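I have a structure I would like to understand better, so I am pasting it below and will then ask my questions one at a time.
Lettered A, B and C in written order, each chain numbered from 1.
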Amino acid sequence: MSKPRFKTRYDDDINRFESGGHRLQYLLLLGLALAAPWLLGSYYTGELSSVLVWSMAGMGVMLLVGHTGQVSLGHAAFMAIGAFTHLALMLRGWHFVPALMTATLVSGISGALLARPILRLSGIYLAIATLALGILVEDLAIVAEPVTGGVRGLIAPPIELFGLTIDRHGTPIAFYYLCLSLVVLVTLAYSNLLRSPTGRSFLAVRDSEISARALGVNVTRTKTLAFALSCAITGLAGALYGHLVQAVNFESFLVIISIALLLQVIVGGLGSIHGAFFGAVVIVVLPQGIAIARDLLSDVGIRVAAFPGLDMAVFALIIIVLMVLEPRGLYGVWLRVRTWFELFPLYRKGLFRRARSYLKTERLK
Amino acid sequence: MDTLQLLISGIANGCIYGLIALGFVLIYKASESVNFAQGDMMILGAFLAIALINTNQADLPFLLGLAIAGLSLGLFAYLLDALLLRRVFGQPQLTMVVLTIALGFVLRFIIGAIWGHDPVSLETPVAGQRLDIGGLAIPVIDAVIIATTVVLVALLWLFFARTRLGLAMQASSQNQMAAYYMGIPVKRVVSLVWAMSGVVAAIAGVLFAAKGAVEPSAGLVFGIKAFAAAVIGGLGSLPGALAGGLLIGIMEPFAARHLPSHVAQVSPYALMLLVLILRPSGLFAQVRQKKV
Amino acid sequence: MSLLDVNSVSLSFGGIKAIDGVSFRVEPGEVFTIVGPNGAGKSSLFNLISRFYPPASGSIVFDGHDLLACQPHEVVGLGLARTFQNIELFDHATVLDNLLIGRHSQRQTRWFEDLLFLPKVRREERAHRRQVEEIIDFLDLAAYRDRMILGLPYGVRKVVEIAQALVARPRLLLLDEPAAGLSVEETENMAWWIEDMQKDLGLTIVMVEHDMGLVSQVSNRVLAIAEGRPLAEGTPAEIQAHPEVIRAWLGGADEP
């Protein structure tokens, strides 16, 4: 919806950024992210690290759900695999970097192995199977005591990197930069994927398996690859999450986390990398906002009892409203707002009207 | 003899699972989607009944309270479909899945906010009574659960096989477009199916709260387990759902006795995963080759 | 040697024979059309060739390759592309993106190279886009390049689907009812495209079509089938005059 521009070279379409101005926007965002610790202070820097970790996990889910069209209700399982592998290796004396790489790899490979039997299912059946998988891994985290520390779980050791000792509470700013650099790396790789044949094959599988197959896409292999990459990213996020919360056990990765992850990318907006970030912001900011609102209310004399589950219920309400009004999530809302400003005063109400889409059957006639 | 007692308790549990699974199947047939809030609707029904019937609450006669709870849930489910879910009709399956998951969270919160988070039981006329049959002491409530389920299933069967509305529901679930052209008000029929599954959920909730205790968060786990039952039986088959529920209900106490506790805990899900991978159409559905 | 050799293939759905012993050969450079009443098994025949259905018996050989030994996704890589009767485009993507996906069978890069976007990937991308632009020019789609499929008229979508098949640089193209749903004028255009593809690109075309005007205008040879069995094969004029064909079409109206 940006202003018309004439493309003169193929690279105009191939490049990551549409134009110099577009590139500048993202450089500014990066600059802001780099300056954040000075702007926010250490408490909110810690919260921002949390946003980054959930963004990473969200990107893992987005790749699978938003870009390949395969629903997962069990992705916390892969966070668990990443976290436990990473921490178990570090506690056995491994250095941070190889431990992180191994954890990412192990998550990816377990994803690929599980993908084979599971990805033959589709739609709701796939969602159910991944849900069951999530519950099984929850249990496995208790049983596999030598690796996972059983019921007590594992404590994250401090990270030794470039002569620094990085610790979420001791050195929150260093930890924030660590998360930021990893998130930037993954985001770049993700956007590379989307502008190349591999990403296009993911989209093809999402939109029509029949057509994808006719165009030469090996659907089984593409789904397996998407699942593996998705699980690798989620596993990496899990490893970082271990350092973020400092201690993990089986309760850190309950099925409810998997569900929250799926809801996160849907709130953010399926089918765009932005959505993973928008969703993570909501996940982290919402409980904070509710706590602040409660404090404000009690300051003016209204005492509100702390209802357990209020965060999740408000989050769920947001989901319900979005699903009915703007299925493209917050990213869709953002697009509307941006377009409104760009086209002011010409914006029409029906501009984004959804084309009525009917359930497309995957059957051949 | 001990085994037999375990079996009867398992069957009673299985009946409750089966009723919830029945709700899943009804909705799946009507809207080709899964209602992930089914477990929470059941808990809502249970708490409504408790609020109406228990002596320290409204203290209504048992059957009157039961009827009000069932009808309220039916109305709730009808309005839910008519006011909310109908608006996303025709969108991808995922939309409905996510919507009902979110709805479950909201329900769970509301139940907790109104009635608290402590486990409570429903007071029944038969509480604590046992039937003595040939040396077996069977809790009366187990017998009541099994009998209620049998009656309910029979009624459902009669409804679908004999009444115009039941036939219309069957037609709509098989081919919505064709049913629409035949003059069946498909949207209202779908809402009525939701209402039915709401009533069934309330009854299941009442039985559940009468046998043990309920708390607001029980809906999630119970729902997933009943869901496993529906999948094991085959999502498209009503008798299959009941059979799946019975299978899980019977399996659980025996697994708890003979297997290590963590294995027993996950056995329903492991079974579901196996069924999904090996026989996605369910154990009890007659396998039809889908024409591609 | 024939480019495509279909030899007595049969196909059943749950005991009902949809195709029963159909054979034909397609020579390089010709337009070969399959006609028949609804339900004769024409589209099923296409789905057999592109491997969506496994045949009960028979053999299909394309350019010396045994197609029955291939997976469905391997077919287009051999040089055999297809379109669908009810258009299977990616509705929420632009024409350009749809055509780029059509290049999938020609990709040279591996996923980890894509992940890093190595210089090689960029080179490949440029090559893909050059090919795509050639086809856009050839089928005169430049005006629609950046438009979403969802907003395009039906007739344009039909052409886009052909373009999506062409970017894979096939030697044989299967067209499933290219004129279905088109206006008279659009059908005339379609005839031009088909002739251009045959003459300018040297393509061999196998087509299923109902519109006998289009069929006789572009086809070199025609095969008529009914109820899964071959009726007759010949030039368009021969087929239209063939008594068996007329009887099958008119449903035995000349019988008492």
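One rule holds in what follows: contacts are C-beta pairs under 8 Å (C-beta built on N, C-alpha and C of every residue); 3 or more make two chains touch, one makes a residue touch a chain.
The shown structure was predicted, so the numbers you read here are calculated from the model rather than taken from an experiment.
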Worksheet item: Chain with the smallest distance from its CA centroid to the overall CA centroid?
Response: A
Worksheet entry | Chain whose average C-alpha position is farthest from chain C's own | B
Discussion item. Just the number, please: Cα centre separation of chain A and chain B in whole Å.
Written reply: 33
Item to complete: Using mean C-alpha positions as chain centres, tell me how far chain A is from chain C in Å, no decimals.
Response: 40
Discussion item. Between chain B and chain C, what distance separates the C-alpha centroids? Give it in angstrom.
Written reply: 49
Worksheet, complete the sentence: By the touch definition above, chain B meets two or more other chains at residues 291-292
Fill in: chain A, residues touching no fewer than two other chains
357, 364
Worksheet item: At which residue positions does chain C touch at least two other chains?
Response: 52
Item to complete: Spell out the part of chain B that touches chain A in their complex, as residue ranges.
Response: 32-34, 84, 87-88, 90-95, 97-99, 101-106, 108-110, 112-113, 117, 220, 224, 227-228, 231, 235, 262, 265-266, 269-270, 272-273, 276-277, 280, 291-292
Worksheet, complete the sentence: In the complex, chain A touches chain B at residues 65, 71, 117-118, 120-121, 123-125, 127-129, 131-133, 135-136, 139, 142-143, 255-256, 259, 262-263, 266, 307-310, 312-313, 315-317, 319-320, 323-324, 327, 356-359, 363-364
Worksheet item: What does chain A use to touch chain C in their complex?
Response: 10-11, 13-14, 189, 192-193, 195-201, 203-204, 207-208, 210-219, 225, 229, 355, 357, 364-365
Worksheet item: Once bound in the complex, which stretches of chain C touch chain A?
Response: 43, 47, 50, 52, 71-77, 81-82, 84-86, 88-93, 96-97, 100-105, 107, 109, 111, 114-117, 121-122, 124-126, 128-130, 150, 164, 168
